[in-house]
Amino acid sequence: MNTLPLTLLAQEAAAADPGFWGGPGMQAFGLWVAVGFTLAIYTFLYRDNPVFKFAEHVFVGVSNGYLLCYTWFTVVKPMLVVPLWHAIRPPADKPLEANETLWLLVPAFLSLCMLMRFVPKAAWMSRWAFAFMVGTTSGVLIPLTVQAQIYKQLFPMLGGFVSRGGDTDAVLWVASLKSLLILIGVFAVLTYFLFSVEHKGPVRVFARTGIVFLMIAFGASFGYTVMARESLLIGRVKFLITQAGSEGKYRTFAMMAVVVALVAALEMLRVRATPPPAAEPAPPEAK
Amino acid sequence: MSPELKKMIPRWTVFGIIALAVTIPLVVGGSTRFPATPIVRGVYEEIEKLPEGSPILISSDFDPGSEAELEPMMNAILAHCWRRKLRVVVMSLCSANSMPLAEELVKKAAAEHKAEYGRDYALMKFLPGGTAPILTLGQSWSAILPKDYYETPVADLPAMKGITKLTDFPYMVCVASVATPDYWILAGNAKYGLKMGMGCTAVMATDYYPYISTKQVSGLIGGLAGAAQYEALVERPGLASSKMPTQSVVHVTLVLLILAGNILHFLTKKKGSAA
Amino acid sequence: MTTLKRTVPLGIALVAGLVLILQGFVPHPVSGKVLTWTQSWVVIIAGVSILLGVGSLVQAHATKIHRQSRGWFYSAVTLGTFGLTALGFFHPKGIEPGGPLDWSYQYVMNEMSATMFSILGFFIASAAFRAFRARSVEATLLLVAAVIIMLGQVPVGAYLPGVPQVATWVLEVPTTAAKRAIILGVALGSIATALRIIFGIERAYLGGSE
Amino acid sequence: MRALALLLLLQAPLWAQLPEGFEVYDTPGDEGSSALAVWKALPKETADASYVVWRAPAKDGPWEEVARFPQTAGWKSDAPQHFGTGSGNKGWHWASIPALAEPGKPPVAMWVKLGVEGAGGAAESAPAEVTPVPNWWAWNKLNVFLFVVAFTCVTFWLISRARRDPNLFIRRIPGLDAMEEAIGRATEMGKPILYLNGLNAMDSISTIASTCILGQVAKRVAAYDTTISVPCFDPVVMGVSQEVMREGFIAAGRPDSYRSDAAFFVTSDQFGYVAAVDGIMIREKPAACFYLGYYYAESLLLAETGATTGAIQIAGTDSVTQLPFFIATCDYTLIGEELYAASAYLSREPIQLGSLIAQDWGKLFLLAMILLGTVVGSAAVVFRAPALLFLKDLFATYS
């Protein structure tokens, strides 16, 4: 995140009543917190240390608190609780559509079954909810997978590899060769995946070709991903840079000093407290 | 130094080199242009074809973790849509965090393009459940999205005029950092014939090449490089174009690191076999 | 008891599965309704089940604190921040902007997520440095393809003769072929697994096979 | 100017010709939301002239325009979902007419007429009546249905065959053989095993497959008396994992050594989960890490951290994007469908192996089709014989 959305938020907040949490005080404090936690997480690159451990545990606590509330406000309350409540006490302006709402008793019951896991003796009831979720997914998935994955992927391979084009409608050799290679690749990789055939003789040749295709594909995907991963890093570094200047109240430098000092101090304590590593039996080396 | 720490030295070296390769070009600055490939054009041209005032659906399926990569793309697409005077409807299938983020990004872009909420764009709520919500939207929009992000009934939004189900959108773009394009292809395109294009993180891009050749997806904007190309198409160099110099430096550094790793590997191997 | 514990869930999976397979072939609005409903039920059940997770979390950390086992301080941190954030539930703004929940999302979760994610920028480099060694033919192919695509991705690559062309070719031909084959295999595998579940052959998710 | 145009229009002999074969019928295989109009192309068509389609609730109006396009567009061949890919589509136009009735409400009859407008004048056809009704069967998905039925039958047949003759050949899958080894090694070292189910919820086939494998792993873990920890991303998956492991311990005859907190919930936030699991890896230093299920960007964050701890790492995922990272950082990786095969492979139960072989039959069928398609399809292009493209029609998906 850079500074622009925050200034925009500030303008909006000024229009409405920002309240305590949307006010400039909490915003500035938020940025201090953000810079601090960003640097704390980065200390993991050095090694596991109490500062990272602290940030990690905050992360787990906050995310669970947020997700709990979020699920209540976006799923449970509007989809289950409110409609059921209206079924019991219909609001004056809305007549009850009983037969539709009462169906909600099914998920309500299955949800209760799920919560029965808290009662060890009745934990098996959760299986009903598991079965419902797993069964419906499997059912929806089957026709869709045949249609969208098998047939749609098979379709372009059924027209052969030769293509014609241009003014004379002549055979396009380069394009045709490309299609032929794709066909060979698909054929070889599928052969590699056969489970009930031993990789011997001609099957072996195809399976080996399949591995070649797979390896090139995996290498390519890896290379392709580098940009994505680096852009995230660029985004973060940009954030730290904007918070390092006078506009960002030199937060990055201040927090960096705090985090580095903390890590260093705690590391020194640890080194003093632990006996030399030679005392531990060396674990067998992993290959 | 303990042997445990000694083992970390090559890692720390790599980390240090990468940190420098990212930070230095960012501090120095600059920008590059990137000509567009046909795959990126596939999205641009479909949007270009839509008549003025058509609705367009954007599924903003990424959360803050991928913001850096997908924000420039989202901005370029939004700029294009509003320049073509389309009604933009934004929704999300990704996660609890994706809709607040989408709101932030879209509002920022809207302010820049003087787009008005309700008339030129509308924000919907996050829908969990993978293909399930798409399947429902294909039957009836109001079944699960009767109200927008701010609890306004959808019927009151001019931007949503004439939309009763998914296929009332002549085109949609899914901008994703997670597997939601699969859901859109599976449920939106395969089941309801919804025309779609997509943008995604670079990591996902290669997965979706097959869907382009089967024409299930009209085009694909892959990662920052794709976003830089889209920015060039809409003639609006922005975030993506400005990040390209850093990317170049990091990529070259990484290639050099791999080369160095191999040279070291062969040198130690030779030593090992000689001993 | 076995009926309730075993037969009923298997029956639920069978009926739910078969009904939804058929649903895929029935365009009638009634069938549409079946789909909409069952799918929203799944969403609701998944939503309620977050309580299970939170329960497990609280229990685990509370036990640690109670026993004062190693690192119990950190458990207290988790429980404390969890409790503080969850208090935001009572703020009138809920998860809307301007409330404490939105604040903790914006300045804590969001920032830490992005940072953790960006660590990949370092890890992808160390993984490449360590793993991309030309040990065998396969490893060399992996390495060469990765290097070519890396260079082809950035404007710099455009100045190296042949690199952009080879990069496009690699993405269009071998990558498309391999991925198409994997998609086909995965599709068959998932259909087979789905069938095993619907017909009760695979029942591990209900706890074992007996 | 307008008057002149009107004059011209009035003077122009109304030779605007109406197309032949105009027909309106209910869209087959839909939920009753539309009807289809089809008509034969005119001998001379230009881009300046248009076809217009109107609908009305009664024979005498009021008419409402529902489609308008140039004569050079709107071909049947553009809509294989309604008309297939057959050669009969040549030279025919079509339009879709939305139904008058609201979705889910009883069907209502409507009248439809076709018009031609152009420089040559305008003409309208006689109205035709049609009632769009909801259909109970999507015939255009027959090919999909047949595949599902055939695959189910083959699966059952192979299962019954496997019951009779349990000595089925399944090739070695090195990653799965290594799992057993890894559990043994963990026992020797007295260190725990870390098992991750992926980040998808229980309604994902990869997660289901992963929990099934967990059952097999739990059996061995119980037999060897090793410790296992399963940090979960999804609460439901946590519940299922607990059930699966409990049964695994019971099957191994050691129900007393099962601890219900072996599978525990961390958080449903992607990177919060990663931070916590990375922490667990660094601190507990597991002897083996298993990553089975569906993964997103966290794959490399997990596996790279695991690699620094020196654990044996075995991954399996159908997430094509993340496979390269597991391949680069793990000792063994199950690619795509090998993940689904794993539970059957480890259990060695004939029923399960039978369905595994059904997957192979599916692949053989696809291989045969690709081969046939290559030969016949290429011949179709080389000899310019489009009739040979019949295979494409068989596998076209009309949605």
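Labels A, B, C and D are assigned to the chains in the order they are written; within every chain, residues are numbered from 1.
In this section, contacts are C-beta pairs under 8 Å (C-beta built on N, C-alpha and C of every residue); 3 or more make two chains touch, one makes a residue touch a chain.
Remember, it's a predicted structure, so these values are computed and weren't measured experimentally.
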item	value
Chains contacting each of chain A and chain B, listed by label	C, D
B-D or A-C, whichever has more C-beta pairs in contact	A-C
Between chain D and chain A, distance of the C-alpha-averaged centres to the nearest whole Å	20
Length of the line joining the C-alpha centres of chain A and chain C, rounded to whole Å	6
Centroid spacing, where centroids are CA-atom means, of chain C and chain D in whole angstrom	17
Multi-chain contact sites of chain A, meaning residues that touch two or more partners	1, 9, 41, 44-45, 47, 53, 55, 59-60, 62-64, 66-67, 70-71, 74-75, 114, 117, 127, 129-130, 133-134, 136-138, 140-150, 152-155, 157, 183, 186-187, 190, 193, 214, 217-222, 224-227, 229-230, 232-236
Shared-contact residues (touching 2 or more other chains) in chain B	8, 11, 15, 18-19, 22, 63-68, 97, 128, 131-132, 135, 139-140, 189-191, 201-203, 206-207, 210, 213, 225, 247, 250-251, 254
Touching two or more other chains - residues of chain D	31, 103, 141, 144-145, 148, 202-205, 208, 236, 239-240, 243, 266-272, 275, 283, 297, 320-321, 323-325, 327-328, 335-337, 341, 356, 359, 363, 366, 397, 399
Chain-level touch network, classified as line, ring, star, complete or other	complete
Chain B residues touching chain A - in the complex, by the definition given at the top	2-5, 8, 12, 15, 18-19, 22-23, 26-27, 64-69, 96, 104-105, 107-108, 111, 125-126, 128, 131-132, 135, 185-187, 189-191, 201-203, 205-207, 210-211, 213-214, 216, 222-225, 243, 246-247, 250-251, 254
Chain D to chain A touching residues, read off their complex	141, 143-145, 147-148, 168-171, 173, 189, 191, 202-205, 208, 236, 239-240, 242-243, 266-269, 271-272, 275-276, 278-279, 282-283, 310-312, 320-321, 323-325, 327-328, 331, 335-338, 341, 356-357, 359-360, 363-364, 366-367, 369-371, 373-382, 389, 391-392, 395-397, 399
Of chain A, residues touching chain B in the complex	1, 4-5, 8-9, 12, 45-47, 66-67, 70-71, 74-75, 140, 144-145, 147-149, 152-153, 155-156, 217, 220-221, 224-238, 241, 276-277
In the complex, chain D residues that touch chain B	31, 81, 103, 203-204, 269-271, 294, 296-297, 308, 319-321, 397, 399
Chain B to chain D touching residues, read off their complex	7-8, 11, 63, 65-66, 95, 97, 130, 139-140, 164-165, 177-179, 189-193, 201, 203-204, 206-207
